[in-house]
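Next come the structures, one after another.
The two complexes that follow have chain A in common; it is paired with chain B in the first and with chain C in the second.
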Partner chain A sequence: MTDYKKTIGIEIHVELKTKTKIFSDSINGYGRTANSNVNVVDLGYPGTLPTLNVEVIRLALKAALILNCDINREMHFDRKNYFYPDLPKGYQITQFETPIGTDGYVEIEVNGDKKKIRIHDIHIEEDTCKSIHYKNHSFLDFNRAGVPLVEIVTEADMHSSEEAMAYVEKLRELFLYADISDCKIEEGSMRCDVNISVSKTEELGTRAEIKNIGSISNVGRAIEKEAERQIALLEKGEEIAFATYRYDEKNDATIMMRVKEAGNDYRYFPEPDIPFVLIDDTLIDDVKKTIPMLASERREKYMAFGISLLNANKIIQNRSLSNYLNKFLDSGIDLVIASNILLGDISFYLNKTGLDIESTKLTDEKFIDIVKRISSGELNSKVFKEILDELLEEDTSVEEIISRRGIKIINDPTELKTIIEKVIANNSASVNDYQNGNTRAIKFLMGQIMKETKGSANPELVNKLLEEELNK
Partner chain B sequence: MSKYLDLSIREINDLLKKKEIKPIDLVEEAFERIEENAELNAFITLDKEQALKTAKELEDREVDNVLFGIPIAIKDNIVTKDLRTTCASHILDNFIPIYDATVIKKIKEKNMIIIGKTNMDEFAMGSTSQTSYFGAPHNPWDTKKVAGGSSGGSASCISARLVPLALGSDTGGSIRQPASYCGIVGMKPTYGRVSRYGLIAFGSSLDQIGPMTRNVYENALLLNVLCGRDENDLTSSHRESEDFTRMIGEDISGMKIAVPNFFISDIVSDEVRANLEAVIELLKKRGAIIEYVDIDYIENAVTLYQIIAMGEASSNLARFDGVRYGYSVADPKGVDELYALTRGEGFGEEVKRRIMVGSYLLSGENAKTYYAKALQIRKAIRDSFLKTFEKYDLIIGPNATTTAYNLGEGLDDPLKTFLDDVLVIPVNMAGLPGMNVPMGFGKNHLPIGLQIIGNKFDEAKMYKLAAFIEKELNLDLDPREVR
Partner chain C sequence: MSDMLTEKEVLHVARLARINLTDEEVMKYRIQLKQLLDDVDKIKDVKIDDDEQLITPIDEKAVLRSDEAGEMLEPEDIMKNVPVSNGNFVEVPVMINE
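Moving on, here comes the complex of A and B:
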């Protein structure tokens, strides 16, 4: 069974984050009242003509550049003709002959091995409207009709579910970071179709297409299950039908939707209502400037500053936190501490309040001040937690908040020694425990000291002095 | 009965300005004429109530432009808000648009009064208007004859003096050929000159809206209003508006005019050729330079047109599926039956034939073999025309090979209507402006028209020559005198 090789190609549709639709000025918005973002163009009314949203060209060009594609400098749109109730004009405006980008690649990493997945092409097209089936009725929501999409088609370069998942995750991360799409698979703004075949020889087997897989982990599950199904058939000497499947999460199985007829005839021809679009160097340079630092580069930088892979990934998953942190890359502050408090108490606060970090009162100066005070021991985590709400909600400086609260960090070793000696004298049992090898007893003693100083002692200094005292 | 509608638009404008007449006088007169000539079947839908209401509203307004208060008829493939727009098809016979075409907005801004929607070939597919679901319009010069097509209703109502202004559309001669058959002036402007937004598409890369009028000057006046860049139509030109009447009356001596040999070959009837030759003699006498030229592939234009127009039409007409608007078959068993029966019952024979041929032409490898090839040769035709215009101001020839023929003729021969358009189609293929100006009559006193073809965006120069010929020939173009 293991001598079968899987061959996988992936087609991903991504909705572009534009204000308006691709061919009309209706709002491009998700989750609104059905048929509220609709005009005569979206409905395919007789006599209407498409306009072209320039924002779409810019975002698609950005995507093509990120995917390292060759750009079609002179491109046009084509009509893909077929009948379906969700297709108001009876054709979809897409790109067939001149996709905006071709021959690109995406680099993925699986178990430490890097690999390039080749991109056959990326092209622009309009979304169809959404069909909702209820009992024996079908309803159509035209809000989605004309939402701009790019479709990214890979070569059949992947050979395992891990590679496939890594590719989808990588693409999601790239597009999210470049602000091309919000890439929400559950809302349909990113949709994956997987083509998979298995074979024992160099000759490829008959492929199956698994449509619209609902999550990245399900991409992996669906590939495993489909491969198992195909191998079982081949082992029995049966043939594999060229067909379209869906992945059923409940039963963890791929289910056939329809057998593909040979050579679907979409009667493509150049869209006569939209003139050729010319992409020149000025536009390309202009769009290049809008590409921000991408996730892989951020990860490398963070790790170079000593941040763990785990924490680096956690920050990257939250683009606004990552953008916030990036402001301090050259500030000289301790980025490990910075990332720890961003992921810890600050994230907790943001999740609780639903705020974005940029909409809090945590100015760059305040953040730098906090991190510096923590690194020098002037501020400890307990106090930081206590004053967090004030830091994030008030315009007051860190200095003011600390002095208003009467918080003073005791950094004077003489003052601390007096307190330590007092605590040691009052807790001889714990001291004995420590000296008998129970190192945890020191934690109790630390707690007592902090209690005595109302949390204002510099913990690192206390720790050092306490150890010295106990080991005398 | 008043006779204000026999006056020129300038004269009517003077009377309106002096308050000697009101717009409602013109509207009432137009409807009297339409009712008296109901047998012409020029209109599919009349809008008397709204037209009278609009006329009333205009009484208190300043007469601010020359077309103010003038009744106008609109071809029924141009959408009009709240006014039924059928494309002469059963599939749209209940369709009331919720928006105005760009040209309709412009017409309303100038306070012209829309009288109704004119008859035509179903979806503009035909050359005689006989494919109309509502029966064919008739030719005012002889009601047994066709008015031509596809803008047959517009040509018929202008020729019969029912209204002074009309809009037509021209994909492969549909303004010029009926204008020729009915003895009126019709202009198909340069592709892109007039916005197509709101024109129900037939062949998108060929379609163009244009004015149809009693005379050259009024044609130019109406075109002044229609053109200009429209952000809703990406194929509309960015050119500034201009006054198309500005060259009318200028001397034509020294003008260099080409006559394609194909236009005087034996495809043209003797009487048409004789009329053309007479015009050529006249022009020569008045100092124009006439030379005979060849245009590459012009004889293939009809074949190319069939491929391009039918291919595009098969896609453009896919939206009529019974889901959102128009005719929809009752209680279909599933969506496939909804499509099949709605379209099967909703479209007429000619439309179905063209959808099927067009679908075939775009199918699989055919798209390369036929459509892509046709686009290539089309470019060659255009280049050949443009090269001719490097040396010549204008090109002339006939618009139709014969005069109007009998109603009922040619219905059993789907190819005939295309071959009739052999002289007008090359202009659409090249995206150039072409017009009809009457140049004489045949033996049954049926009008014969001259085609003038200009370089792109050179409509003003065409009007100059057309106005000269109109004035010199001074033909009596009122069919009521004959009948």
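Moving on, here comes the complex of A and C:
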């Protein structure tokens, strides 16, 4: 049924990476003993008052700026009233009337086509407690109660599961890079709700809301399944219920949780315990300075230096590697070689040891030295691999390690020519093969030369000289 | 408009507040709650069209707290104020709509 058009809007909740909660000074932490990160404010004890965490405002403002939003310079909070055990106060403090940011956009790319997804608003609110259900009981853990969140609401601008996934991935990449959130969907620090409807006409169909989808690929699966379900109903002449669903991964289907009652009345009103929050130019300028180079800009820069899209993406996936590489953007070294060794042997070492690149002994000077030596042929990949541990674990310079090891790279054409001539003389069969058009035979000859020099020959130079010799 | 609430309405409020009422009390609150609601309704007569929205009686802007951790409660102390607990968890009847 391709004549149906999907229309999709997404709401994403993201936990902010602060030390403490939004309205209390208890710790914002994941995976601790139940009810151990809790104080009287989080439990809504009578007489307690909220105190607003400055870092929440800074991170939410950073997010709003990255999403190209208009900033509400004078904003306040609102109470959303509902009666539920996950909120002991009886209301959630959120932003209803004056969200920190409005009318923004995010640019996504699907199959080479760029598209702007409009952001309706981004607002700040407190998370509720976590509840675990078992039989007729619910067990509450208030560690999550009061964790700061921003909720980002898009316009219904997406029309395919690919666009929806690209949007979620883009938002995740932006927030990770700007250090706003750790965006771990599996731990719940990023949660996606998808609204979807289908229609054959310009008039939108009745939408369904799919709550709390557990991964980015499941966002795509859930949309496809829900669209199929809605189209099948419409084809049978049935109506779509305005309802909330969840996506069941095991059965690959959307399952109804509840029918939405019209006009849920949360009796929003301004939160009287928190005065107006003023966002002035000084704060905005200050926060702007904390926005690092974002992933898309990094990707563009890397590719301009000749790094492949694949490798650029691999580096961007690892923020500390990317930050490390960024230090050398203006150094004049060959960034293709730099990225190759970072992704290759250095990543292997870091994975093996569990270290972060910044905590190794690989100083900037040493890294520049290594890349320069590799590009000039003074150091080849075999030797580099051999001395890698020493380079990363010792304060010694590259020069010292090389001379200590007695490693000498043969760069002298006369010396190399002698060896090449010897190898050619001893391997006439391969030479014949090469001269008869089997160009792969040169690899064997190269191998023999490297063996002869115990791996110390400059491979680029050998290749050049060998070709010259064979084509004489 | 009747001058009292229905018995059903009062019993519903009592249930939400988790209190038991005798028949006499139900009758008493049918009248008293209605009077309360009527009093609160008078607020609708206030003309506010020309007023600026008042978020807080204080003119000052919000003073923000620095992001530093303070003291927290021990789980066992929290559980002392909890009617039903289970280990470190607060236990409540199962919540629907989750």
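Convention: the second predicted complex is superposed on the first by the 468 of 472 C-alpha atoms of A that agree within 3 Å, B and C clash if a C-alpha of one lies under 4 Å from a C-alpha of the other, contacts with A are read in each partner's own complex, and residues count from 1 in each chain.
The working rule: contacts are C-beta pairs under 8 Å (C-beta built on N, C-alpha and C of every residue); 3 or more make two chains touch, one makes a residue touch a chain.
Please read these numbers as outputs of a predicted model, since none were measured by experiment.
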Would you mind checking whether chain B and chain C clash or fit side by side on chain A after the superposition? clash
Give one of first, second, both or neither to describe whether A:18 is in contact with chain B, with chain C, with both, or with none. second
Which partner does A:44 contact after superposing on A: first (chain B), second (chain C), both, neither? first
Applying the document's definition of touch, where does A:406 land relative to chain B and chain C: first, second, both, or neither? neither
Let me test your reading of the model: by the given contact rule, A:81 touches which partner, first (chain B), second (chain C), both or neither? first
Can A:258 be said to touch chain B (first), chain C (second), both, or neither? second
For A:91, select first, second, both or neither according to whether it touches chain B, chain C, the two together, or no partner. first
In the superposed arrangement, which partner chain does A:278 touch: chain B (first), chain C (second), both, or neither? second
What is the contact status of A:139 with respect to chain B (first) and chain C (second): first, second, both, or neither? second
So in the superposed three-chain picture, is A:31 touching just chain B, just chain C, both, or none of them (first/second/both/neither)? neither
See if chain A has more residues touched by chain B or by chain C, and give me that chain. C
So which bits of chain A does chain B touch that chain C touches too? 40, 43, 51-52, 83, 85, 138, 140, 270, 272-275
For the chain C and chain A complex, residues of the former touching the latter: 16, 53, 55-58, 60-62, 64-75, 78-79, 86-95, 97-98
Provide the residue numbers of chain B that touch chain A in the complex, in ascending order. 78-79, 85, 87, 92, 95, 97-99, 101, 196-201, 204-205, 231-235, 311-312, 314-315, 317-321, 323-325, 335, 339, 359, 362-364, 367, 371, 375
Residue numbers on chain A that touch chain C, as the complex places them: 18-20, 24-27, 33-40, 43, 51-55, 57, 76, 83-86, 131-133, 135-142, 257-258, 270-278
Interface with chain B, chain A side, in the complex: residues 40, 43-52, 79, 81, 83, 85, 88-91, 138, 140, 263, 265, 267-270, 272-275
